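All chains are identified by letter, namely A, B and C, in their written order; residue positions are counted from 1 within each chain.
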């Protein structure tokens, strides 16, 4: 019988994993509700529970933060997880990301006339993985968390099963992601062989008290782990998946993946390399420099020639990864603070950008050519303003969060005597500014094309041929709701107008289909319907970007608290 | 024989023989996986590799892991591979002569050679710290052997990873369900949209067709044939409906037929 | 713990004894197969009011031998479409696991011959019962490859059915075995037998509350592809399933493996749930009684198999899958949880049992919802089909790509 072996259960401090538990519980609750209700649960309900889970998780992470800042870090579950500034920071950031992502996903799905409990479940669970990755203090935990997060991403990438591109993106992501996970795992194995433990604290202790005469294993392990994580954050030369995946994935999922993968990936990089493999800094730092420079250059330059906005944003996210890596490469307190700050503000910028893209892309999620953005201001001024804000913030224009991020990273790099890296980063920022501002200019440029009379021939509320961004008939229904209306409740009036609009749209579209082929891609005068939830998400992202761009003090103080706790010699 | 200490030369003869045999199995299987032109043969080679790995586990006195390796990997996972290969009839010989990217093979060979050399260089004289303070050796002498030791570590040091695996499995299950479920048609569930379809009656294709009928005033099927602009043509009509119908049907139709075939097989 | 044979390490005597054990087990198994085939044919013909084999030997007992010799000397045919390598490999992949699986069965107690004590069991590895699971999962390969390698339709269908069925029921098998392991505290089959030795009430079948045994029995029957789960070789549908293209000695190997597996699995059932060779011993030849008890108990199960074959109609494939996934696996999991909780503490057992009833209710509800959804979809599709039927008919297939979707949906519902 059992019991003879005498198991002493380790001290379990559940506070350490409460954010994860909240998110997983939310996902399970939605799953149960979906399975139990004879009708699939309404989209409003699943959105509500997702946001609620995100808020609870946020609350717990704030609680962790409040506990950590005065009393210092502590480990739990026999050292498997640690609660420190970094983990609480990751938990808070990811929780916020989940809330915003859920809102955007909801809007996207509603425009397609679907409810999305599964999408929300996947979002919640992969976010739990991301938080665990930030908290993991054991290579096994970090790997598992990485897998939880990645599997969610693979499925989210494949979520739009109407488009073959989505499946293609998921397949590419799955195969390359699986390969990189294997590489990471191999790195873990070698590190374990060299240090005799998979616990980061143990590894640090071992390396502090022993000098390895033959450090080949550890070097190999470090390289492989760096490759595995660099893949996840899409650093060059491990970035090849990113453009295809971002382009093919459902747009909200792409924004969410871009944000969360970077937060979790960089948290793991900081925890493994900067804080644990500190004694081997001289060995891994040059590698990070090289990767950072390559990432900055490739991301910036290749983005210039993109004609698809999602691909452009993918390369821009690669470019941003370069900036974050720059801070990591500096490996100073200031550099890490700058990196964390950058990741945080980037997640809002990218989600805001993809939120607008998800709306402009139309219900079929296909209108992502840059040409589709020509004259967006005429059609939907608010969307144009929002996207413009996100893009100029990404470009690093002052008074936005992006500016401070870039500034801090570059100054930290310069302070760490990485002047050449700082120069490269500045050049890259200048190049990047060009392609961001190009989109902004496109949006605010007047649309040319058929004279106003032609557009007027069709009813003003209906659609004109060729405008790829214009919604499909069925989803014009959301138009009635785009103007603020309660999410999850469809008013009868809205339905009636919508159906009217829809029919008009069909007639107009059908009639003009052949007529304006010549001016394909020419935007129409149709206003893009904005679901309430997406509007809220956009407002959150814009507000965050502007507010903390104007008053960055709070965030910089916060990341400073995080990084001062990381031991840097 | 309390496990292998140090490099292979110091191992006992049975251990050395076992290692060589299993290493040959593993490597031969691994090469077979990528060298076979028939996917079924590849899968069988994979089984051989997994068996070799199980043997290595046995040599390390990790009996339990060895058994699990055979049951789970060889017994379940590769069987599923084979199942899919046979079921979907993709067991035709691959034509490996035509290379879409010519430089790829050379590049791959170069990279492999480079990494092998790198691994060897790093491994030469490597000091395996694990041999010095191993955690397995004392555990094996406990009552219950490696199973008890494993159980103990699952409930102590690796409690959290063990529980996190549950989350991993859940997300994998949800993902599998999401990907294999029939895709609900646009508007099939949405409250607001449902009413706009009118004639559709709910089913996705019907909805598409009825919309087209409304739009063009023609017979639905005729419309699909006539107006069906090429899917990726830039001049797609404003609502993008035909293009979407095409792509969805292409996407759905394919698995559809396959699944039907499958059901016939199963019934 | 461990075979007393190896207390002095692996000596020459131990090696020889081990070899003898292997050979004896092999021979006994072959002999048993012969007898069991005759037994099955005789019993089932009795049940069907026939005479059965009655020509070769007394009561036709030599019939199996005659059949074996015939098969041995038949021409060895390999179909032209077959994948020769795989076709030849498959029988061995079936027969070897069947032999290996038997090695963990404790047939009797410890005997002493010429000063050497040893267990009446080929091997008693610490992972014991896992070896059985591993071997039964290996046997799937033989079946799959036999069907695929034949290069013919019916064998392929048979092997696809077989592998799906075996994988599905292996889960139940594993879970029920786990509940036995929980109360034993060991994976070793000998330890399992020892833990049931105290009294009949300590037999696992009673100690675990009968349910695991029933689940195990059903799962085993499906694993063995025995009636009523013999869809794999349903004559009326698939000729002879995956062995259709086999003849001669290769066919004999499949046949042999099938009956060997039946014997092994009956023996496993005896070991896991009925105390193995345990039973009252009388004074004369003490070492023989356990063997007799073991053989007797095993025979009971072999008889039950034949009985089932005579009595029950074959399941449909979807019924088989529903039974496996929707009934057996949930029950097995739930029972395992209760067993585990009871092992810890009786009150925990009650709590878990109560929670389990709630969970089962939820599960039932979810399944009902799923069924309702499927029915609703079917109804909707029916209406779609009738409206769409007017214009050229969606069933015309090539009329439009959209119709493929309709046809598929319908087929799915």
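What we mean here is this: contacts are C-beta pairs under 8 Å (C-beta built on N, C-alpha and C of every residue); 3 or more make two chains touch, one makes a residue touch a chain.
Predicted model, so just to flag it, every value in this text is computed and none were measured.
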{"item": "Chains most often in contact, by C-beta pairs", "value": "A-B"}
{"item": "Central chain (by mean CA position)", "value": "B"}
{"item": "CA centroid of chain A to CA centroid of chain C, Å", "value": "49"}
{"item": "Distance between chain centroids, defined by C-alpha means - chain A, chain B (Å)", "value": "25"}
{"item": "Mean-CA-position distance for chain C and chain B (Å)", "value": "28"}
{"item": "Multi-chain contact sites of chain B, meaning residues that touch two or more partners", "value": "144, 248, 250, 252"}
{"item": "Where chain A touches two or more other chains at once, by residue number", "value": "4"}
{"item": "Where chain C touches two or more other chains, by residue", "value": "185"}
{"item": "Residues of chain C defined as touching chain B within the complex", "value": "83, 85-86, 125-127, 130-131, 133-134, 136-138, 140-141, 144-145, 147-148, 156-157, 159-161, 163-164, 167, 170, 174, 185-187, 316-318, 380-381, 383-384, 387-388, 391-392, 394, 399-409, 411-412"}
{"item": "Chain A residues within the chain C interface of the complex", "value": "1-2, 4, 32, 35-38"}
{"item": "Footprint of chain A on chain B - complex, ascending", "value": "118-119, 121-130, 132-134, 142-144, 148, 151-152, 155-161, 164-165, 167-168, 170-172, 174-175, 177-179, 183-184, 186-198, 207, 211, 214-216, 227, 229, 234-241, 243-244, 247-248, 250-252"}
{"item": "List of chain C residues in touch with chain A within their complex", "value": "182-183, 185, 343, 362, 365-366, 369-370, 372-373"}
{"item": "Residues of chain A that touch chain B when the two form their complex", "value": "4-5, 7-10, 12, 17, 20, 24, 27-28, 31, 40, 42-43, 77-81, 110, 112-115, 118, 121-122, 125-126, 128-129, 132, 138, 140-141, 144-145, 147-148, 151-152, 154-155, 158-159, 161-164, 167, 192-196, 206, 210, 212-214, 216-217, 219-220, 362-364, 366-367, 463-468, 470-478, 480-481, 490, 494-495, 498-499, 502-503, 505-510, 512-513, 517, 520-521, 524"}
